[in-house]
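Below you'll find the structures, each written out as structure tokens.
In the two assemblies presented below, subunit A is common to both, partnered first by subunit B and then by subunit C.
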Partner chain A sequence: MKKKKICMVGDFSVGKTSLTQKFVNNVFSDKYLTTVGVKIDTVEVMDTKLVVWDVAGRDSLSPINASYLVGAAGVILVADGTRKSTVEGLHEIWDTVAGRIGEVPCVVALNKADLDDWNVDEGKINDFKNRGWSVFESSAKDGIAVEALFNALVEKL
Partner chain B sequence: MLRKFSRVVSINQTQNTINKQLVSKLQLAYFAVDPQMNVCACSSNLTDYGFPQLECGEPIDDQIDFMIGLDAETELDLPVMSSPSGIPISINMMPSDDQLTVLISNASVATEQRQMLQQAANENELLVEKQKKLMFDLETASIELEKKNTELEEASRLQTSFLSGVSHEFRTPLTSIIGYTNLVQKGIEQMSRQIASRIAKQDSFSYLNAVQRSSKHLLSLVENLLDHGKLDSDEIFIHPKPTDLAELFDDVELLLAPLSQTKDIELNVAFASSEGNYVILDDSRLRQCLINLVGNAIKFTDVGGVELLAHLDNEELRIQVKDTGMGISADNLEKIRLPFYQVADTGKVGTGLGLTITERIIDLMGGELAIESEVGSGTTVRFSMPAPQAPQEEHFSNLAAESNDSLKVLLAEDDSDIADLVTMMLMERGVNVTRVANGALAVEALHNDKFDLVLMDIHMPIMTGYEAIAELNKANIKTPVVVMSASGIEADQKKAVDLGCAAYLVKPVSVDEIIAVAKTVMIDD
Partner chain C sequence: MNQLDELRDIIVGDSSEQLAELKERIENVEQRTSDVAEVLSPAIDKEVRSGNPTLAIALQKPVSLGLKRAIRSEPEEYAEILYPVMAPSIRRAIAQAISSMMVTINRTIESATTVQGLSLRYQSLRSGIPYGELALRKSLLYRVEHVYLIHRDTGMAIESVHGDDKNLLDTDAIGAMFSAIQSFVQESFSQDDSGRLTDLKVGDQNVWVAHGPKAMLACVIRGEAPVSLKRELYDTLDAVRTGFGNAIVDFDGDCSAFDGVDELLQPLLLSELKDNLTANSKGSSSKNQSWGPLILGFFCLAMALYFAFQFFINSSKVSTVEHFLRETPGVATTALYWSDGKLVVEGLQDPDAVIPYETLKSYDIHQEDLEFNMIPFRSLELDMELQRFRTELSLPRGVYLSVRNNKIELYGKSPLRWLLENDVRIRQLAADRRLSIAELSPSLVSVSDILISSFPRDILRTLSMSEVVRDERTVLEIGGQMDAVNLALLQAMFAGNRWVMVTASAR
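Showing the complex of A and B:
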């Protein structure tokens, strides 16, 4: 069986841990609990053993620690579709990723699609697609597009 | 030499002891891999962090998940990672020539502090973001509110200007009516005191004509206002019926000639037909449009004249109203079609509704209004509408001219002025009138006596007209009932039809109308 490391990256409180937990353990919690450092989970997707590094989000105290990204075969860029700044920040986060581990396969999760105050420009989505990234409007809460976005990344690895 | 050797052994032992104490105190665990990433050494306490006991010589990525994807050459510091046991750990990877050593230490204390700090900071940041968003929403709502306020102010301004226009419009003819009526009263007094002179009679006639004109003007204002209300609720209906066009254009000329005479301008009305004068269309709506258009033309023309040309050809009626007035600028040409809009600085007063209503009515009658104008030269308004030939001309025989001596009418009307007027007018034509002041008395009268016709007002005290008609239906009294109401609303007319009324007349009603309807009803009966 193939073994691959992937990383969940994005701003704080966008739902990286929620997406990972929904996909790996099928659980969801509404309570926000910040991730310190990195949490590691493993799951089998098709013929691949996937090691998911759920990396602490970028916040006002610290940038993303790129050391956690070393060895990753791909990344899932996660943003909160109700917070415009987290969507716009994905390009900068990608620069951090690419600067450390090169242009690895990538998919984008615009998370919290279950909420009413959705605020994503169609133009932004097209920007992502033009970079060759698959874009998913996901909801860890309702399980929308969660499996699809992990599967899409595994197919690219 | 032996002493020196024994001192070296002693130093090595001390260092080992210190190392062991340090490893134990910091809960350090470690493992090492060769360049092929196979395990070559490990500490026994890796299991304290939930890692398996490693097997030397076997690949590390089969035994420890976080080593998947990594190589033996990269130096890495991973400050905080959750271990399989849940204890936060810190990882240091130190490559050397022949192996990679991975040190694992307990990071619980640092992680706990970091967790608290980061949680508080992030929650605070989320609150700030939420606050910013709320502020933005508030600002957007405030801008929207301001916009709505401006719109409301504009609507209120239009309404105020409309109301002041209307009140002025009503005041002018009312003043005229009151003044001329007063003069007529004085004239009659004089006539009764002295020998009736021809001059006094002529004056009285001209005063009464003025009262008539003013009353008609007031009536058209009221009708315009009501029609505008109906425009909003799509309640204007067209009722085509056989119409004598020559008579209609004569009427329009007679009605508007006094207006042009007061302004000392010419009014020329010409109707030509290649196929007779009798067509099917809604004469009262066409008359309303023509009065509005020609009235407007006269209003805005101070020198020259106004021309109304009509031509009936191939079942199509083409109409042109041309004036030599002040004209309309291109800028205002579209705006004047809007309700309540009035061109500023013309010095003319109006409701700003006439053209809106006229255009809509023409549209409903199957025509389209076109306006051409040049400032200083005048304005030409054109429209055409279908006007199919009427099948028979005998519909227009003048029933009102016949003798009415045998006609016996019951009039139910609570307004004594109107009752007086209608009674007087009918009696002048030889009609026998009995008056009652409410629906209940009308029902009683019809139980006790026989009448040819009932003229029934609707809004009356004790029993309304509709209630009375329902009572008559119950009692199987078949006398034809003609409703006379101030309400021009279709729903009221429908109610009258549903109750089996013979006809519905909208006030003010002329005696000719009443007699014509009475004859029709009685012939039908």
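Showing the complex of A and C:
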């Protein structure tokens, strides 16, 4: 079985950890996110074993630790569909990713699709799609599109 | 011969005969077989010498199939052929296994009977860690438990080997997390990219890391390993780079290119026993040193067994005595205990109760082993009452005591004299409802004897005797007719007698 490193990146509190929590094999405690800044999980998707690096979210004080991205075969960009700034911030995050590891396969998760105050422009989604990224409106709470998200990334790897 | 044949003869001459001969050799199977047999052996020999593996590869399958078929068809013959080769190896392996088992047993006994062994057992009980694991930890100077070959960029574990496969976490997650910590430490504490995490210490475990440009080798060590192990780590990493350099550079998550790398990592799973323990398992002189604790251990064990046996014997004696005294009428025990080597029995005892010493003797419990501190009491148990009445009343022939319907009955035909002698006591017992006398009556013979001695025969002929029930008792009734004088005499004889009633009348 092939093994691939992938990274989950996005702003702080967009639901990266929640998104994967029920899908992956939780090996380590969540406390590593706040201490080391990354949490490692593994999951088998189709014929590939993914080593998922859940990188601590970006906020106004601390940028994404790009050293954790090295060696990643693909990334999942995660944004909060109810917070416009996190969706718009994905371009900047992508620039960090591409600057460090190149233009690796990527899928976008617009998370918290179960909430009523959804605030994502169709234009923004099209913008993502034009870059060749698959876009999923996901919900960590209801488990919507979580598996599809990983499947789509594995197909691109 | 036509012109064409002539021309052929001119050109090829005698060759036509040779061609015919060749044709014959090719078409004749027997001849061809002989030809091949002639060259086969030198051909094989030449091929083997040339080092070309083609022949070996070509022969591999047919030889293997042929061998299998031959062994299946003649297993006994092959067993006989292989016996001289296999038997010594098997013997050696068995001897080694037995020897190893003896050493293990020896160590187990040794460790189980020493203070340290008992302490380890206690720790094992308290912590839940198996005793063997604890004992090994104590006896080890160090042990390499896990070795991970990690791809530097992706942090993925290319290969890992483990000395103990219990409680293993996902090796890829471990490798990745280790790589993450490596990046974290490097970024947090190192001024440049050259600084790398080479040592980690967690409790009694150490993690040592050898770094290469594209891969790193991490090993988890329990205890204190010698510094020379680091050199071995780097040597191993070099060997991996030499053998799998391209595979490491091209690594994209597919580990199939690393077949055999585990054989390079396996020798790193080293361990070393502490000096004294190593000596214990090898040196004969130190074997003698282990006799002391061993003998002490056996002595303690023997003492413990002796006391356990004594406790068991004493407990069973108490149970036996308690059981038989409970079955003894007129005895009620309240406490049984050992004091100064004697079994003390406390309780109540009827003076007429008989302690079953003989029965207890058959259980190796002697009268002198027992001490009775009993308070006397009168038992109303039926068995006791029965025994008491038998002693007190001295029953004559024809009179019996028995228990019927949970009540003691005195019944039968009694001599009138005995009835009169015991009349007061019998009536008293009957009044107390301790005795039933409904079927007790004087015997005809005893009353007749009195009458015969007092009256002439012709008068006796006029009398009759019969048993009648009066006031729930059986009495003897004397009826008939007689003259007034004898009647008065008869009535006087039995006046006040509750057992004989005179109903005879005057003529």
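The working rule: the second predicted complex is superposed on the first by the 145 of 157 C-alpha atoms of A that agree within 3 Å, B and C clash if a C-alpha of one lies under 4 Å from a C-alpha of the other, contacts with A are read in each partner's own complex, and residues count from 1 in each chain.
To be clear about the criterion, a contact is a pair of C-beta atoms (placed from the backbone, for glycine too) under 8 Å apart; a residue touches a chain by one contact, two chains touch by 3 or more.
Note that the structure is a prediction, hence the values are computed from the model and not measured.
S.K.: Is A:Val70 touching the first partner subunit B, the second partner subunit C, both, or neither of them?
M.R.: Both subunit B and subunit C are touched by A:Val70.
S.K.: A:Lys4 in the overlay: touching subunit B, subunit C, both, or neither? Say first, second, both or neither.
M.R.: A:Lys4: touches subunit B and subunit C.
S.K.: Let me test your reading of the model: by the given contact rule, A:Ala140 touches which partner, first (subunit B), second (subunit C), both or neither?
M.R.: In the superposed model, A:Ala140 contacts neither subunit B nor subunit C.
S.K.: Please work out whether A:Leu90 is in contact with subunit B alone, subunit C alone, both, or neither, and reply first, second, both or neither.
M.R.: A:Leu90: touches no partner chain.
S.K.: Could you say whether A:Asp59 touches subunit B, subunit C, both of them, or neither, answering first, second, both or neither?
M.R.: In the superposition, A:Asp59 touches subunit B alone.
S.K.: Quick one: is A:Val108 in contact with subunit B, with subunit C, with both, or with neither? Answer first, second, both or neither.
M.R.: Neither partner.
S.K.: Per the contact definition in the header, classify A:Phe12: touching subunit B only (first), subunit C only (second), both, or neither.
M.R.: first
S.K.: Given the touch rule stated above, what does A:Thr42 touch, subunit B (first), subunit C (second), both, or neither?
M.R.: both
S.K.: Let me check the overlay on chain A: which residues of subunit A are in contact with subunit B and also with subunit C?
M.R.: On subunit A, the overlap between the subunit B and subunit C contacts is residues 3-5, 32, 36-38, 40, 42, 49, 51, 65, 67-68, 70-73.
S.K.: Using the touch definition from the top, list the residues of subunit A that touch subunit C in their complex.
M.R.: Going by the criterion above, the answer is residues 2-5, 25, 27-28, 32, 36-38, 40-42, 48-49, 51, 53, 65, 67-68, 70-73.
S.K.: Residue numbers of subunit A touching subunit B in their complex, please.
M.R.: Per the touch definition, subunit A meets subunit B at residues 3-5, 12-13, 32-34, 36-40, 42, 49, 51, 56, 59-61, 65, 67-68, 70-73, 83, 85, 117.
S.K.: Taking the touch rule as given, give the residues of subunit C at its contact with subunit A in the complex, in rising order.
M.R.: Counting only subunit C, the residues touching subunit A are 151-156, 169-170, 172-174, 176-177, 180-181, 183-184, 186-187, 252-255.
S.K.: Spell out the residues on subunit B that touch subunit A in their complex, using ranges where they run on.
M.R.: Subunit B residues touching subunit A: 61, 65-66, 68-71, 74, 76-82, 88, 107, 111, 114-115, 117-119, 121-123, 125-126, 129, 133.
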